[in-house]
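You will see two complexes here that share chain A, one where it goes with chain B and one where it goes with chain C.
What follows is the complex of A and B.
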């Protein structure tokens, strides 16, 4: 590909105070208009990658090696203040839990409009116009009522739509979607995935999509990074991953995903022997380096 | 099938109605209007089988479950447990039944006391019902859910989501109940822990002859775990039957929509259309 990637992570290592490495040598690219899924079990470090890109790691966790290139900006070389200003203009987050992500004591309207004014320097009228447009786009029918509502007055699916509208409103180059549908039931999940896909295709936004569900990976992404213990096990096109997974861990993750259509498949947890084996390999590599 | 002849219902529900007051439309004076959540349900939960209760958010599936274990009292209708109506029993009359009707919750973090260690979480209800409650009993219950003795001294925050959910199961089965209500118990877990918890529940139900009502919005999980399924929509039963019947030949649009909405782990470029 000749396109310059929107996001280019090069051998990123992220370390917990005390020295434990939570991510090790993670490299991945996201091209404009591409959805890259980050998949793995709890604790594999998939959300950590998104947080490292957005610069919202907890204070005791720091990127120690490697580079994050966001649209030609070398993020790890910047001071925290420039970094925050740069990232907030280029990238947005769709968080997992739509209730805690919205301020409970402010109306929806200002929560969408304010960042457009204060971060992106838009006029209030333009920002309001854009908020209405996006809410309309995520199929919220009574736009004016929703803008005047408080978060608790909306259902989970509605709140997630509001956050998607808010993330897409400034037309960001990159969106980090951190398990945006885990809290929703399947029919709402499908609507939300469809909205993310439509908006992403229209705007050409690159998306880093964090999930533990191989079913969601199959539907939404073009490329996948499979993570285990902070390392990338497999990086491939989604098509290839499902046709012909290269890594036994990828295969095990697919096998662990329930499917009503294929009852012959075992629907079995990732075998403990495989996990032990992977940990042993990692320990051996670390001892060697 | 011979199975149908052998299994009798543990629960028979007839004409079950339940409504909640809608506080958002309450007039300044007078009572709030009521929202009907369950609109006259008739159903059986067969003994010794796993019955899935499925539906979208707001379909009334959790409310139905909570009526079965009598955390809620219905407005009208009968809930027959072994032929005896428990729908309007008062707390004193329910107390002997509580042990038989156990529940496993969706969020194990908020349903396990953060100040108690695992052994105490498991043994407190055992002592309450005079079923022992020694440290050895706690270890035995832990072993049944595949957790080693080391877990007895741990606190909920030291456990992973899957381990917490196992502790919730251990607490329920330690009372040797007849019925377990499992309300969305795997929706917070990643796929691998999900598979572990479900196969554990299936094995325990078979070994102990438990009757289980398993509430979920995920039909893939229901298909793998359950023997029978009830599909709810807006407080009414759309269809029910064995999982084979309902999955191989879904009658209602809602069931078809629910099936279509599941992202299967396979490539399908037309899925969104």
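What follows is the complex of A and C.
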């Protein structure tokens, strides 16, 4: 591990207009070359963290406290224009739903190439060359045909490959993968997951991997942050979390994960009593502070 | 596939036109008012009346009259105007260009104004600017085109007389027109004094026609833009460092334009309907103005001719809208 993290989030609080806090005091680091999983059930705020880093929170949600350091740049202190340019050069996004992540009225080619020209100021030829190279790498045959296609002419799995190629194409130092396999069917999920892991290892890109699936966490990440109600419950090495979960919620999440390799292993949903208990504890803490 | 669609549309268009022809033919004849009575001076004899009635064929039964008229139409003979004593097709074709130029100018104004307001509103969504634009367009929308026309006459014709309030072109301009498309011909022949004068005459009626449509486009397009701006591909563009305005223009606009287009198509036909009154208001020598005269004078052949031309226009516009879908939406291109 090198001296400074690629992403360093310090006590980030994100607030909905009206005052409700969607994230509270969230801190986490992603070291260069590391995959950090963000896990939690829907509504825990895991996607919100990635969006806050990339600057794509909805207009009514704002980061109100804390710091986001992306490769030592203080993002929250920047003007919107500088922030946008800085983030585009360092980070990229693999979105959740490949069906809505490509513009339906534009061909694939420009959708990969134009951002490269915009981000790095490359020539069109160089950007196109890079796009081909990445499409090859994500095992898309017939690269030229795909570049000439509209999104609706490709399958969901193909579109997700295109989006992965597009995310790695500008050689980012950080990739936010926002549940990139959730919208895909199970067989395609496995291939896509393997692809992201391979590319990540080849390029040494740091990844913030948002998921609700502990099985995916085990396969892809070195470290994991467990989120509940906008707070980090546990932050540890993935191995340790599975071997010896420190927080009862983490334990329950692990127990709630079905295993495809061992169908006889039993699994049980996170007990509602535990969730109620956690909410009560949080409410009490908030009342005290 | 495309050819088949077109063929189907054209055949349904023919059926529609036939229906329109029947309805108009019957309506103008059962409505009160006798065209022959309008033509003769007071004190005409019974004999004169009978002669003229026979001359125009009004002594025959309705179905007979219709068959005679339709037979003529199919051979390109739309009859003769009772009041103007000229072939209907010539009269209509001489006025149609004026109405087309006015409607198209109004459409461009509506698209430009409405589009700009929608983009600004979407860019400033959630702010006071958006609210202000919403209220403004709601107010504009609630005033009909002819009232806008009256207001403009008052403002720019009377109180601050900068624009001409009547006619189509300054009569002092000397120019031999080969067609009736004054603007188009003026541009093609490089006579920009002609173009300028025609546009200046068209500006107020075109604005009056355009404003309600512009307000409607502003509201619907902005709503569609806001929906598109929540989708992931716009988020990806933001991550790629494109500004919000660039995201709206590059990614959102074309997608949001698709559902807006249906509205524009339908509303454009209403706009053309609006020319009837607005042309009258500005003494603009178009088809609408002629239609009012024809109705007042019970000029049955002329009314029929004008209505048929309007029907053809409406059908053509709807067809054009459908075809432009395919242009904007790649998913429909092979359909």
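Please note the rule applied: the second predicted complex is superposed on the first by the 280 of 289 C-alpha atoms of A that agree within 3 Å, B and C clash if a C-alpha of one lies under 4 Å from a C-alpha of the other, contacts with A are read in each partner's own complex, and residues count from 1 in each chain.
The rule we apply is simple: a contact is a pair of C-beta atoms (placed from the backbone, for glycine too) under 8 Å apart; a residue touches a chain by one contact, two chains touch by 3 or more.
What you see is a predicted model; the values in this text were computed from it and never measured.
K.L.:
On chain A, do chain B and chain C fit together or clash when superposed?
P.N.:
By the criteria stated at the top, chain C and chain B fit after superposition, with no clash.
K.L.:
Which partner reaches more residues of chain A, chain B or chain C?
P.N.:
B
K.L.:
Check whether A:155 is in contact with chain B, with chain C, with both or with neither, and answer first, second, both or neither.
P.N.:
Only chain B is touched by A:155; chain C is not.
K.L.:
Can A:201 be said to touch chain B (first), chain C (second), both, or neither?
P.N.:
After superposition on chain A, A:201 lies in contact with neither partner.
K.L.:
State whether A:123 touches chain B only (first), chain C only (second), both chains, or neither.
P.N.:
In the superposition, A:123 touches no partner, neither chain B nor chain C.
K.L.:
Under the stated touch criterion, which partner chain does A:142 make contact with: chain B (first), chain C (second), both, or neither?
P.N.:
neither
K.L.:
Just to be sure I read the superposition right, which of the two partners does A:88 touch: chain B = first, chain C = second, or both, or neither?
P.N.:
A:88 contacts chain C only, not chain B.
K.L.:
State the minimum pairwise Cα distance, in Å, between chain B and chain C in the overlaid complexes.
P.N.:
Nearest C-alpha pair, chain B versus chain C: 6 Å apart.
K.L.:
Output the chain A positions appearing in both contact lists, the one against chain B and the one against chain C.
P.N.:
Shared contact residues on chain A (touching chain B in one complex, chain C in the other): none at all.
K.L.:
Quick check: in the complex, which residue numbers of chain A touch chain C?
P.N.:
54-56, 58-60, 81, 84-85, 87-89, 91-93, 95-97, 100-106, 111, 115, 118-119, 150, 152, 163, 166
K.L.:
Tell me, which parts of chain C touch chain A in their complex?
P.N.:
125-126, 230-233, 235-243, 251, 254-255, 328-331
K.L.:
Note which residues of chain B are touching chain A in the complex, please.
P.N.:
56-57, 160-161, 188-196, 198-199, 217-224, 247, 257-268, 271-272
K.L.:
List the residues on chain A that touch chain B in their complex, please.
P.N.:
That would be residues 41-43, 155-157, 182, 185-190, 193-194, 197, 212-219, 238-239, 242-243, 252-254, 256-263, 267-270 of chain A.
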